[in-house]
Each structure stands twice: as structure tokens, then as C-alpha cells.
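This is the structure, below, for whatever I ask next.
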Amino acid sequence: MDEIDRAAAVRDIEQLKARYFRTMDTKDWAALESLFTPDLVADFRDATPEHQPAMLIRGAKPYLAALAPMLADVVTVHHGHMPEIVVESDAAARGVWAMEDWLWPGETSPLPFRHLHGWGHYEETYRRIDGIWRIASIRLTRLRVELS
Amino acid sequence: MDEIDRAAAVRDIEQLKARYFRTMDTKDWAALESLFTPDLVADFRDATPEHQPAMLIRGAKPYLAALAPMLADVVTVHHGHMPEIVVESDAAARGVWAMEDWLWPGETSPLPFRHLHGWGHYEETYRRIDGIWRIASIRLTRLRVELS
Amino acid sequence: MDEIDRAAAVRDIEQLKARYFRTMDTKDWAALESLFTPDLVADFRDATPEHQPAMLIRGAKPYLAALAPMLADVVTVHHGHMPEIVVESDAAARGVWAMEDWLWPGETSPLPFRHLHGWGHYEETYRRIDGIWRIASIRLTRLRVELS
């Protein structure tokens, strides 16, 4: 890839992640699902202190099927920072993002806390399918999580 | 526009928004005003829970005339994240930014709270006049606001 | 420099700062030191309210020699936002970053507070040596610091 194509790929992937955050926090679940490859590997076992094995999910549809009801009555904010995107080819890339998130479960939420405030990093891979970059895997590691 | 011009426009608009945040939080009001088109539409009716109609202001000068005294005795921090900039032509663009802000009014401030902490999105339009991108409209929507 | 080289320099410097944050918060001290020029000027006198003269340090090795033990038992998160990078030549640049940081000292930490939460700006200069951009000077100014 030449310098222009590489820069365009980085920008496309940064936009992809921007849509990930926006559709997550505005609960646009169909749009969120479209950002993943069908065989997505979503590893959020480290997202909360309990390290539940169930937080490792394979497949974009199963991931959304778990996520959407879990967050139905939760106000969420997820912010991403300081991307380090490495374009490996015209169809494969990987990246690390710093992050901060907040969850405020409502009264009907099954989540076992009143508030979550977390900091950490996303480690992700990306694949370009039919010209469009998608998130192929996402893993969240934590620097700190505060639960109340 | 070709790919290089488009990428340059995105970068210029991201720099414009960076100056918006820095001049706002360092209270450099003349520099802040220069970032807007004269016919700016500033819609902050959703910025606080009261949804005051007065928070919709037309014109860069009237906006600064309202903002500068309101924030004279307030420490503010505004952070923007994850821009989604769409360049529509060589003179028009639009964008969405995730955001977080904090306001700490001082003792002489007329603001009716001791602290504001908010999260949301800016929806903006941009116009290029005499080769320089400016903010033509800005609207803030909220995911959550905490007042104390 | 032409537009493509300039854009590449900005991206390289943004990646440099991303590695600065990641290596700092994951305590990868050798990698962090490699991001600085040997004659680094690190001015953190304004980082905490005490304005200690000792927080101005010259040299990447002395800076790391002071920083690593100070943070050995501290969970830290540093986030950077809204870069304004000015490329002055193919070997010199400067930049401003908005920032937010959190420090949570552990029980064995000598830091004289239980928690620090701060907001401010980094003002930095960069030099390119043997084709690689490095941080040549870094100064942190504050909008607000909360200590508890």
C-alpha cells in the first residue's frame, strides 16, 4: 500500500470506531452490529471485576443478542482515545485504544451495581470485506474499575 | 475533491475544533469568536436539564456576548472525542463529536449549581470562507448531566 | 515539506504521544524512555498544587529515574485529546494537547495524597532524529487539580 492508501485506511478505521462508540451509547443496535464481521470475537471478561467467562462471545449476532437486553435500561458512555492503528495489508489491521466508560443502570436493570466507572485499553483487529473495514475482534483490558 | 484535499479538510476541521475547546477553557474569547461564522447558530438548550429557550442563540457576536460573562467566574473543561467529519464540498462539511464537560462555578458566578458534569454529542456544520474553515452551527445533545 | 509529508509527520507525532500515554500507564519504563530525546526537558512543576521545583527535570534518563520509583505503587491513567500539532520543518514540530489524568497511590506510595484528578494542557516540542520523532520537551499546565 502507498502512503495515501495507508492514511485512508487509518482514517476509515478511526471512523469505524467512532461509529462503534456512538451507536453503542445511543443504543442503535442494528447499526452497531453492522460494524462487526459476522465471526466477531468479543472478549469482555476483564471489563468488570468478576471476570465472567460468559463475557467472551463469538459472533456478531450472539454478541448483540447478549448486549442489547443487558444495556436496555442502562445509560452508557464510552469514550476512546489515542488510537494506535497498524495497517497490515489492504484487508487486515490491528489497533489499541485507550478508553474510559461509565454505566448507570436504571431501576429495571439486572446489572449487579449502581454505577460503573472504568479505564483501560481496547485491543482490536480489523478486516476489510467488500471494501468496508469492520471490527473482527475486540478485547478490553482494564487499568482500573470502580463499582458502587 | 480528491483524497488529499479531503483529508486536509478533515484535519483542518479537527484543528478548528481543538482551538474551540482550548480557547473556551482558557477564556480567550476573541480567539473563540473568530472560529465561528458571523451567522453562527448555537443551540445549547439541551446542555443543562432546564432546557432554557435562551440557550438558542443566533450570531457569533451575540453568542460570545452571552457566554463570556456567564463563564467569567467558572472553571470549565470541555473535551471532544471520536470525530465523524463528512466533507460535503470544498466549502461545506458536517460533523459529530462525543464530548464530556465539567463546570466549577466560583463564588460570584450566577450559575444555579455548584458543579456540572456532562456527557453528550456535538452536532455541527462547518463552512469554508476565504479558505478558512469555521463553525457555522453547533448543537449539543446529552447522554447524561449531573448537577450538584 | 509537501502536504503528504506534513500529514505523515502529524500522524507520526500523534502515534508518538499515544505510545507515551500507553507506556506510562502500563509502566513500560524502557519503552517510555525511548520516546524522548536524550536532552528532554520535562516541566511538571504545575502538575500538582505544590509547584515543587524538583518537578523540572533535564534529561530523559534522570526523568525516568525520578518517575519510575514515584509511580511504582500508583495506578495511573493519562488521556490526551484534541492535538494541535505544528510541523515547523522535517525535523522540528510543536504541539498542544488537552489532557485528563488520575492517580491512585497504593499503600506503599510516598505520594502525599490518596487520589489526584487533574485537567490541563501539555505544551510540547518534538525533534526527528534518524527519521524518528521524539518528545524533546514537555510542560504540563493545569485548568484544575483535585486532591483528596
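The chains carry the letters A, B and C, assigned in the order they are written, with residues numbered from 1 in each.
Note that contacts are C-beta pairs under 8 Å (C-beta built on N, C-alpha and C of every residue); 3 or more make two chains touch, one makes a residue touch a chain.
Note that the structure is a prediction, hence the values are computed from the model and not measured.
Visitor: How many degrees of rotation carry the C-alpha atoms of chain A onto those of chain C, rounded to the nearest 5?
Guide: Between chain A and chain C the superposing rotation measures out at 120 degrees.
Visitor: Looking only at residue numbers at the chain A/chain B interface, is the share used by both copies over half or under half? Answer same or different.
Guide: Under half of the interface numbering overlaps between copies: different.
Visitor: Using mean C-alpha positions as chain centres, tell me how far chain A is from chain B in Å, no decimals.
Guide: 27
Visitor: Out of chain C, which residues touch more than one other chain, so two or more?
Guide: Touching at least two other chains: 4, 7, 81.
Visitor: List the residues on chain A that touch chain C in their complex, please.
Guide: On the chain A side, the touching residues are 3-4, 7, 10, 81-84, 96, 98, 100, 119, 121, 143-144.
Visitor: Which bits of chain A are touching chain B when the two form their complex?
Guide: 4, 7-8, 11, 14-15, 17-19, 21-22, 25-26, 75-77, 79-81, 102, 104
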